[in-house]
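Next up: the structures, one after another.
Two complexes follow with chain A in common, the first pairing it with chain B and the second with chain C.
And now, the complex of A and B:
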């Protein structure tokens, strides 16, 4: 496990100077080489896995034996297979890889490689080399905790990046705000202070403590993850790269559909582009495409039953909202239009309550949590 | 922060307040980062 400070100090002391002080043609390669050296030092297996899967997903398209359709299937297949081996929580999961642990950033680079394979198959990528692809994958700010940035955007920034003091200032500000979210709000406030408060509250008011604990888990996950994203975006800006936003005040979303446009935006957009849109084109059934997208979004976190159910719940929530909208439009006198505040309240609670499934270690514990809530 | 403050305040005042704001946040982070309660490790996604 890596300490956040190591990555930030490594970036500030080595990556940023290398990105601007070296001769221009060496700058991007230096970022990638330093990232590879960093990864080799802290997690050699992770570096090896990333290099192997990157090689497989790139060189399969160079094969004279395969047609493009076969190459894209093979590229996606190998990335998904590696991801499933390491991220599986099914009962059959047992083997040498359990001793190795999950390679750092696996879920992120798996989806980056799938994105690359599909776009390369569609021939939408600009001209690039094997080195460009490696530079894209070995980019420390976004490598470990996202956002799932896109290859064409990365290439565009490689070609356009120029020193800009205003951009560096914004980058430093984002890193600072990210730190505040992670260290002050996430770790100190949500995890520790609120944790102590709930422990003290539990004997007298178990239902209230359980309810607040559910809100605390979702709130903590949000501020921590939004904090990582701020730091990643800020560090990218310090290197001259503009990485897309990953959060946009999701807990103010008035419905679940909107919520998933604001929460982990890079993953939602990935699911939209590579699951929802293709399925909609193939089947012309938007409900099926939404359900499949949300299942993939859930399973991205972990290949397990609880994340499958969690993803399915998000899909059902969005489907329900779509049906409600349609019904309300058809019969405005029968079905009331929800006020925005009520929509925000219901969306927030639906999401927080669904997170009980992923918070608890077993289904018995999930049932016990809801039982305590009602007791 | 500066862009927001400079809409309502003279540039120099906005700049000074922004600098204080950053120092305050940095001290807050440093205070918590070195306490066990503020220690942070990357989640394993």
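And now, the complex of A and C:
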């Protein structure tokens, strides 16, 4: 939260004026330099890792003695390795250092670099320079909370951006909406008010309180994250960049497949393009590709057993839905077509219940929660 | 039937006077992206150039050849000449020496304003003509240091080249009026060296038509017109800096059209707040093909419509483009002989029907048979046009003029057309022997003439064949003299030395003989048929990739065949999800009897790329 405030104020006070008042040829570079300065001050280790991995993922393709396939594997490998070292908190466990934590924005920039490496391998990227790539990675609005924006889109905005009062106005509006989601809905309503309510409800109606608590957790996570995304999109607009949407009313999705097209869109699209598609092309086995991409989607959040299970559950849910669809197509008379409201209800509950796994600190606690729900 | 209305138009004196209105002073006349030219600069330059013209002793109606590479200077010079009443002979700096010589011979100019390279190449004698050599110099480095030392004056002394000499030039008074019958400019159309046709456009022709264009398009000073066509073609200069100037609006030219910068061109629509884009159909065809992910480009708050000029806009492209980009395409039919337009399809619904050239505006149109008798609706015949914008005559070529200009003012368009009962005109064919390739008019005789001069060629013939992107492309056939031969590469480079790039044939076939009729004329139809069977035989051996891709797609994505376009892609088609993608690939593999690699499958996300990958795959097998 504190970092968020800092980013918003830093952006409004320095980034936005620099992005429009400097001569046009300096504007983008100024945004990147200010981002780098900000990161160096707030999280120097993150700034360092970003610079190192960025250099590696760019220059490996310039190497004369590496073939493109080797280069793409190296570029991905180094990014994933760094990400795993920090995400698994292995150095802390090994006692190498005590209080480092995960570098700010690591998950996002790792996935951006993998996107870059694969697209570069596929030769779909427009002409660009090392500086362009750095500008893409050192872009404060989407640095810490996403969305995982794409390099060609970023380059396109660099080329076409201009002062546009309407866009800036929309940007300010989005920042405001974001704040309302985070502060009013998330912090005040879900965390405080609903929290008090549930505490009061607990003694008489433990099952109901547990049930509402489960919905509350998922709901709170959604409004908070959607709020952060709004702020990121809004700040981007203030700088003249259109960053893609990250949420599209996911809790109204009639099935789990659709849910993951509406929830954290930039991540699920990333998984579709860089896990699902390559695996599908390689193995021709859709079920395997779905399972793998949902596992990656889970582990992206945290390199841990519970997120592995959580991701696997999402994958199973989608597989189940696909099988159901297939079966329903073949036997339209036997299998009933679910009404939309029931689909929405089931999807929402499946998702919320799966989140119990990531909410609770231990497997025992997870079991306890479900036990209380049934009591 | 005609819609001829008397239009009041502003002449050049009134138009240029508007440039110096206080509100226009700092407004942009040209925006080149990295450089912005204001109306103040244009006004100043017009005054300075008047001084040069006066010193050279030029007078109203004098013909002056203009051949300058730099676009800004070309626009400056053209406006200054219009204002001074001089007749500009626009000569493309790219033109080859032989053709330039033929044009100069016909034009009989009194003066030249041209790049030094051009003057040297054409050996223009400064004693015979008044000459203003143009040399653009890069601003010398170290200006700041020089300024600090107070040495702002160039040490080279008085310069003899434009624009450096303007520094010591005194502005001269501008003429108070220019006769509407004075020829404003002459543009030479393609043709053989013995029959050069220079279209003479008077001030009345030009300015009345600028008013027509302004009315039709709804232009005003807030218009932001993007036109990146070459300035030595009527559609580049007239519907560019001249039309923008007439409205005291801005003409935007941030880049040159190129396959590699289609994305940049589309992004420029938003960046420069473009309201109207002038384009030729070939450009639109390439944009349509290479703009995945740019579908939102014309949906900006400012953009109004695209204006398609200079050649036939295919109905299929027109409709597909309009749907894909959600934008209206206004089609303009006109000739160099009618300044620019004449018939307009759009922008208003009352004249808009895709596939037609719309209705005439400020012109009379009629359709006649070979005896010049007027025909009724729904009957094919030659399209004749009459109006204030019809040229004066071809310069020094009364024979050619008599062929197209009738004594009562009607101009033969050379196009076969048909009028519907509700007044829409449709072009159905062509009477004149001309090829329109990528918006450039080419007389095939000009190419034949060049090929015939090659030492190994006994005879040659050139003609156009339909082409998806360029509308038509130029094909030549040659018969070699006995005992001699030449490769296609040799013939092509021979042509390249003597013709502008756009007139070099795309293919040169060698034949044993050219089939001739009783009159001894080459039977083009027979040649074309022979070539067509030849080409069909060559392609019949391979699979029809496009059809196979479409068949696989229609089954996999459950979309009717007729809705599939080459540019259909995973983002634009609802049925194209990851599962259907695999189904599509598997079907295509089955049809082709091959197997795609992981990398290949991943890039095949539009029908066009799928087709390209499949083609490449089977070619390497």
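As a working rule, the second predicted complex is superposed on the first by the 365 of 375 C-alpha atoms of A that agree within 3 Å, B and C clash if a C-alpha of one lies under 4 Å from a C-alpha of the other, contacts with A are read in each partner's own complex, and residues count from 1 in each chain.
Here, contacts are C-beta pairs under 8 Å (C-beta built on N, C-alpha and C of every residue); 3 or more make two chains touch, one makes a residue touch a chain.
Model, not experiment: these values are computed from the prediction.
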| item | value |
| --- | --- |
| Touching partner for A:206 - first (chain B), second (chain C), both, neither | neither |
| Touching partner for A:332 - first (chain B), second (chain C), both, neither | neither |
| A:286 touches, of chain B and chain C: first, second, both or neither? | second |
| Chain B versus chain C as contact partner of A:305, first or second or both or neither | neither |
| First (chain B), second (chain C), both or neither touched by A:108 | first |
| Chain A residues touched - chain C or chain B, whichever exceeds | B |
| Partner chain in contact with A:187 - chain B first, chain C second, else both or neither | first |
| Partner chain(s) touched by A:160 [first = chain B, second = chain C, both, neither] | second |
| Touching partner for A:179 - first (chain B), second (chain C), both, neither | first |
| Sites on chain A touched by chain C in the complex | 121-122, 124, 126-127, 152, 156, 159-162, 166, 272, 276-278, 280-282, 284, 286, 289, 322 |
| Residues on chain A engaged by chain B in the complex (per definition of touch) | 1-5, 7, 101-102, 104-108, 144-146, 173, 176-177, 179-180, 182-184, 186-188, 191-193, 224-225, 228, 301 |
| Residue numbers on chain C that touch chain A, as the complex places them | 260, 263-264, 267-268, 270-273, 293, 301, 578-579, 581-582, 585-586, 596-599, 601-603 |
| Chain A partner contacts - residues on chain B that touch it in the complex | 1, 22, 25-26, 28-29, 32-33, 35, 37-45 |
